[in-house]
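Residue numbering begins at 1 within each chain, and the chains themselves are lettered A, B, C and D in the order written.
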C-alpha cells in the first residue's frame, strides 16, 4: 500500500513539471514543497538536481526546522524559508518559490503589482505585495514572507531583488498561485508600458475575490 | 451512430487545445462554447478542470439560460455570458473567452487596438473595441459584449480590466478570432513601444476586409 | 522514381513546419514557395489549410502567372506576389511570407531595422528595408518587393503595415532569412527599448557580409 | 570501451540541445565546446549543421590552434575564439557562444547588465561586463573575451554588437552560465522598462556569491 508520504512525494515531484511547463524556472532554479498533514514534516525538491531527473524517490523529507529526515541529496537551499512558513502559518500546506521573469522584474524595482485585472482580484484579492530584501542562510527570508503575507489576501509575495514565494492550502494551490502570479505580473507590466491601467474599485475587488474564493470551480478554491 | 451533439462535444473539447497551443490560457482560465444548431442548447467547458483533462464526455450541455441539461461538473463560470450572446445574436454559433496577455494589457488600460495591420483589416475590419467593466454574476458581461459588437465588424471585444470575448459563425471561427486577436494585440503593442504605427486609410481597410471575408481560403471565411 | 517536382513538394511542405517551429506564423497565415528549376513553375502552400494538415500532396503547382497547374485546393492568396518575384528575379529559387511579430511591428511603423548586430551584417549585409504599402489583388505587392530588394543585399523586405517577404537561392535559404529576420528584428527592437544601439561601421558591415556569404558553413551560403 | 574523447563528443552534442531548449539559438547559430582534459585538444560543433542533425559523431576534434584533428565537416566558425580561451585560461574546460536575444540587446548598446538580482549575485557575482567590438577571422574575439573576463567573477561576457561568450570549469557549467545569462539579461531588461531596479549592496553581492560558489547544490558549483 502506498503511504501518505509516498503520495506526497509523487505530487511534489509532478508539480515541479508545472513550473517547467509554464516557463517559471530555468536550469535547477525554483522549488515546490508540501507539508505532511498532521506531522511536523515537509517534502521538498533536492538542491541542484535538473528538472528532468526529479522523481518521487529523490524528493527530500525534512522536519520543520529544515533538517533532512530521509533523502540522499541535500534539500533545496530554500528549505529554511519553506520550513519557517510551515512553522508560523499552520493553514499553509504548500509553498512554491520561483525566479519567474515578470514577477522578478517587479521585485527588482521593489514595486507591488497593482490589482487592475479581474483575474487578479479573483486569485489575489489585492495587489501582490513586496517583502524585504533578505539574505539566504538564516530565517530572514521566511520571516519576510510571513510578515508580509500574514493578514494579506494575496497568496504571493515578491521578495525584493530576489523572486516570488507563493503559499496555498496544499502544494497544488501554491503552484497555481505561482502560475497566476507570473501571468498577472506579465500582463500588468505590458499594460503599463503604454500608459496607466485603469484601477478597479475596491468594492469590486472585494466582491470578485469573495465570489471566486467561495463558488468557483468544482470545489472550494485554494486558500 | 454519433449524434450531432456528440460531434460538437468533441469539437469543443479539441478546440480548447488550440487555446493551449497558442498560449492564450494558463491553468484553467479560458473557455470555448458552441451553439447546438437548431436547438436552444450550447456545449461548454466545465469549470475549474485542467486543460489536460478535458474530454468530449466532460463538456457540459446547457440551455440558453445557462442551466445544465447534461453534465457531471458545473459549467464554466462564464456560461451566463456565452448564453446571453447566443440568445441575442442568432448568427453566432461559437464563443470564446480568454485572458490572453496582450489583449488583456489593452483591456486593462481600456484602450481599443487600432487597425494598423493588413491582417487586422482582413480579420477584424476595424479596431478591436473595448466593452464596459462588468462584474460576473448576472447578465452584465453578456450585455456588454452584445452592445459593443452588434453592428461592429470586429468579432472580438476587449472587456475592460478583464479579457477578450470572440464570436464566430461556429466555434472554430471564434477560436480563430481569439488567436488572431492576441496576435495583432501583441504586434500593435510592440510596434507602439518605439513610435506610432502608420494608420491604414479607411477605404483600404474596407477593401481588405471585404476581399478577405468573401474570397480567402477554400470556402467563405467565418463571420 | 521520385520526380524533381515531388521532391520539391516534400521540401516546401516540410519547410512550412519551420515557420511553426520558430513561431513565425499563427493559424493559417504565412507561406513558402519554391521555383521548379528550369521550368516556369512554382510549388506553394494551399490557401487557408492548417499547418498540421499540410502534406507534399496538397501543395499547389502553379505557373509563373500564379495559375494552378496541379492541385485540388486554391493556392495561397499571396501566390501572385511569389509569382511576380520569380518572373522578375531569375536568381531567386524560394520565397517566404510571414506576419512574424517583431518584423511586423517595424513594418507597421514603416521603419527599417538598422544593422547593429554582426549576425545581421552576416545575413543581411545592411538594414532590412521597408517596401511600399500595397493592396493584395494585383501585382502591387510583387512589384513592391522587387523594386525594394533589387540591388539590395538584404534578402528580406518589410512590406508596410503588412509583413515580411524573404527571398533565397532556394526555399531553404528563404526560410532561413525569414527566421533570421524575425530574430534580428526582435533583438534590435528590444535593444532600442532602453537606448540607442551602437552602429557598426560600414566597412565592418561589408567585411562581415563578404566573409559570411563566401566562407561560412559547409558550402557556400544562400543568396 | 568508450574513450574519454567519445564521452566528451556525446556530452558536447547533448549540451547543444540545451541551447535549443532554452531558446538561446535559432537555425545554426551558437556553439558549445569542451577542452579534452590533459590534452591540447577541444571538441566543438561543426559549422552550419542544423541542431537536429548534431550527433556525437559529427562533433569536430581540433587542436588548441583551432586546426581540425578529426572530423568530416568544418568546425564552427567561432573555433578560433574558443581555442584562444583554452590557450590562455587553463582553468576553463568549456566555452559557449550564443546570440541569445536579451543578452544581444544589451550587447548592441554596449551596456553591462547590472547586478540587481540575488540569482545574478549567485551565478555572476558582479555585473555581466561588455567586451570590445571585434571582427571574426583572427584572435580579436578570443583576446577580447580573455581580457574582459580575466580577474572578473562573471563567467559571461557580452561582446559588443555581437553576442555572448560564457566560460566554465566544464561544458555543462558554461552552458548553465549561458542559460542564466539570458535569464538575468531578460529580467533586468524588463525591470528597467518601468523604472530603475534597486541596487544590491556590494557586501551582499559578495556574501551571496561566496555562499553560492561554495555550498550550493550537491557538489561544488562550476567556476
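General remarks:
What we mean here is this: contacts are C-beta pairs under 8 Å (C-beta built on N, C-alpha and C of every residue); 3 or more make two chains touch, one makes a residue touch a chain.
To keep track of the chains, here are their UniProt names: A, B, C, D = L-ribulose-5-phosphate 4-epimerase.
Every value quoted in this text rests on a predicted model; they were computed, and no experiment measured them.
For the copy pair subunit B and subunit C, the superposing rotation over Cα atoms measures out at 90 degrees to the nearest 5. Interface subunit A/subunit D: under half of the residue numbers present appear on both copies, so the contact uses mostly different residues. One inter-chain figure worth recording: subunit C and subunit D are separated by 31 Å, centre to centre, where each centre is the mean of the chain's CA atoms. Centroid to centroid, with C-alpha atoms defining each point, subunit B and subunit D lie 44 Å apart.
Looking at subunit C, residues 193 sit in touch with two or more other chains. In terms of which chains touch, the assembly is arranged as a closed ring, every chain touching its two neighbours and no others. In this structure, the chains touch in the following pairs: A-B, A-D, B-C, C-D.
Contact residues on subunit B toward subunit A in their complex (touch as defined above): 26-29, 46-49, 73-74, 77, 99, 101-102, 104-106, 108-111, 133, 135-137, 160-163, 189, 192-193.
Taken in their complex, subunit A has these residues touching subunit B: 22, 116-119, 176, 179-180, 183, 186-188, 190-191, 193-198, 200, 204, 207-208, 211, 215-219, 221.
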